[in-house]
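So, here's a batch of structures to check.
After this come two complexes, each holding chain A, first together with chain B and then together with chain C.
Showing the complex of A and B:
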């Protein structure tokens, strides 16, 4: 077991390093920017894969969780708290005395005092987890169409909120989000000089998330989830607390989406309402479906390929249509995902025998 | 609030409410025969409005509307024949994803055909400024058109299901597909008919409402969500209850604006209602709990 895990990590790290060196050698290191963004999206997608493939629950609202994470972090870190420090807000003073505020100057040379991204990160993740928890309790009692519509409805509410509120920048979204200094010298930012570092940060986050999920599905929890997916009543009868497992999985995947939202927002320096849109949620579902629903590897691979191609602008103005078409074709002809087609199953069998 | 203003809001609410009800009935027709929620239902409304506007450039308005309805029926039939007919007992999740995919494709095609400009059919009688005074409220004649046409649809549909052989065959399929097949009814054709019927009434709704609300390529999703809210509110599969639920939602929305609720959050109201109903009373306001528990969601 342990060797298998190490092999997995080694394999992923090798791919990441080879791609980086490859782009450097061919002088195409601008690909790294899109690859970094792709990897953050993949983080959300493998989280969604856990909910859809393993717990068997559809969520058409994951862009909403992404947006909660991204918008919370963006609005907090772009907030200038200097006025409230001067007017003597005790809360701001407390943060300041712990060194959790960062001073900088605006474009026009005015002094700015901002909340440290780590604080914003913690707030964003906590908030998302709470919302997912509160939403999950009633929503996960629903099945099929009702669950799909309820999560879709949640996504639309989030979209409407960020679109309508001045605090979230309305249709423009929030821009000029500062970098996220994880550790001194390690900043999530879109600066060209730090492109390679950021590529590795994203890779590290994604691989840790992936290994975490792989461990999870190989554990007691994973077996319980698969039992739920197979037959919920039977799982209930076997003494599995199906409601709790579904809820925890849902919250975990929402947290994954929020982490992706926070990091991607700091990386690109902004977030806009379209990131919370229904189409985004549908796209995530599409990628999980193409990867084969209950396949983290499939979700990771397809998420990587399709997001990257989409970001490269390969599909042009047909971007959404391409995802819609893929969705239909996969569901009609290969509901088990493309990686389960005959060629791949032979390869898989070969791997098992070895 | 004065009585005049009150009836003004009531009329606004009823106008939107009956459109939601029509979309909900479209959901119900397909749901009853197949057990599928067609997420592309709102796209039928959009297609009806948009094609009628295009046809109206060449032929007079009544002809254009008829042509648009026939065209949308054709699309509905094509969707069923190409994407749904040959699937062997597909899972609910699979059908959800396929119909969502279809709605995206239809919307994207509409975007490429018509662009993202807002269009509208001309008023059936009079124009933007003409109004009729009724119960103290001054309303556009188009509102009367909407009310009349939609009421006709509801009445004709119930007559169709009660008295015509085709309607009865469709109901038989909805009640028990296997038994209907044993009685010599071609269940697969009934499913195709249900898609055509639901596309047709969606298209009619799209045409009559176009002068008031305008048509745009992406109007479908919002309508679909509200139509679904109404369908659930009335109890999925129950078309008469959907009318009551539609009027309720429409009036609620109208008065939420009256009391100063921000317009931007208007969608949020219906979605919140949807969520609350789903959590508290998933069999709908008028539904029967025992009957609902037998259905597969």
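Showing the complex of A and C:
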């Protein structure tokens, strides 16, 4: 079992390194920017895959969790707290005395004092977890399309909030978000000089998240989740607290979405209401479906390929339409995802019959 | 002796249908008791009330001197009541062994953090669960199917896996909902043998069953329900000679 895990990690790391070297050799290292963004999106997608494929719950509100993470971090790290320090706010003084504020200058040369991204990160993740918890308790009592509608409603609320509030920059969103210094020398930022480092940071975050989820589904909790998905009343009779397991899974996947939101916002330097849009949530659900619902590998692979192609602009202005069409086709012809052997054998049979 | 399960004046209505109507009876520790009755007599409803899958309208159920009515199904399961289903509910996509491992849920602890991090203690627990599940399959003579997807097994074999899954939680009381449903006479005989074997382990059994030969063979006591009402109760021979029961089953 342990060797299987090491093989998995080795395989993923090898792919990541080969791609990086490949782009360097072919002089296409600008791909790394889109690949980095893709990997953060994939973090959200594998989290959603856990909820949809393993716990059997649908969420059309994951762009909302992404946005809560991203917007919280963006608004806190772009806030200039220098005026409140000078006016003597005890809270800001406390942060300052622990060295949790970072000084810089604005583009006009004015001094700025900002909250360290780690603080913003902790606040963003905690807030997301609390909101997911509070939302999950009532809505996870719903099933099927009722649950889909409820989470869709949540997504729309978050979208309208960030669009309407001046604090969140209304339609413009928040820009000029500073880099996120994880450790001295390791900063999540869109600077071109740090493109390769950032590519590896994203890969490390994604692979860690992926391995954690692989471990989870191969554990007592994972079995309980699959049992709930397969036959909820039987799972109940086994002594599984089905409501709690669904809730914790939902919160966990919301946290994955929020981490993706925070890191991608610092990487691209901004976030806008379209990142919280309902079409984004639909796209995430479509990718999980294409990957085969109950397949973390499928979600990772399809999330990687489709996000990258979309970011490269392959689908042009029909981007959302393409994802909608893919969702319809998958539901009709390959409800178990495109990576299932049964699909290929069906296609083969079709060819022979002709 | 205090009965293991005490049911008093239990009621459940579905709209105009009084599915379980003021039913009361006791279950002695270590006994096999059968609940019989024509279709629609309220037998399965009674089961669902006992294990918390349905909420009762009124009445009381005491298990091991503790009131259990109103508890959630997982709490009732954790208190030592295991059940099987009429239409065997194997977990899809899971092997026979994994199904039994789910049955060991209440006997293990690893949560989300432990599951994600695979700590040494978690792996140790995981091995213990796996070994115990395998033991249970061996106990029921189905260890050779351990790695086969449970749903692809023959009906009789699935029934045995379901028994193993229910026994995994180390229950004091086992509720069997029509264990012989859909089985041929050989498989039914096998189920009878299994139930007796389970009783010998000191587990009390309450079963709902249509197959009269099975019921008469293995039960210590029988309760007869008809249209939700308790009609008769007694040993198999008493029930066989009860006029009212004969009338219900054969008509006048």
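One rule holds for everything that comes next: the second predicted complex is superposed on the first by the 340 of 354 C-alpha atoms of A that agree within 3 Å, B and C clash if a C-alpha of one lies under 4 Å from a C-alpha of the other, contacts with A are read in each partner's own complex, and residues count from 1 in each chain.
The rule is short, and it goes like this: a residue touches a chain if its C-beta (ideal position, glycine included) is under 8 Å from a C-beta of that chain, and two chains touch if they have at least 3 such contacts.
Computed from a predicted model, the values in this text were never measured in an experiment.
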Contacts of A:300 with chain B and chain C, given as first, second, both or neither: neither
Superposition-derived comparison: chain B or chain C, residues of chain A touched: B
Chain B versus chain C as contact partner of A:332, first or second or both or neither: first
Partner chain in contact with A:242 - chain B first, chain C second, else both or neither: second
Which superposed partner A:32 touches (first chain B, second chain C, both, neither): neither
First (chain B), second (chain C), both or neither touched by A:148: first
Touching partner for A:260 - first (chain B), second (chain C), both, neither: neither
Partner chain in contact with A:213 - chain B first, chain C second, else both or neither: second
Footprint of chain A on chain C - complex, ascending: 51-53, 72-74, 77-78, 82-83, 85, 89-94, 98, 101-103, 105-106, 108-112, 114-118, 122-123, 125-126, 129, 165, 169
List of chain B residues in touch with chain A within their complex: 37, 39, 83, 87, 90-94, 96-98, 100-105, 107-109, 112, 221, 225, 228, 232, 262, 264-265, 267-268, 271-272, 274-275, 278-279, 282, 296-297
Chain B contact footprint on chain A (complex, rising order): 58, 60, 138-139, 141-146, 148-150, 152-154, 156-157, 160-161, 163-164, 278-279, 282, 285-286, 289, 317-318, 320-321, 323-328, 331-332, 335
In the complex with chain C, residue positions of chain A that touch it: 1, 5, 212-213, 215-216, 219-224, 226-227, 230-231, 233-242, 248, 252, 294
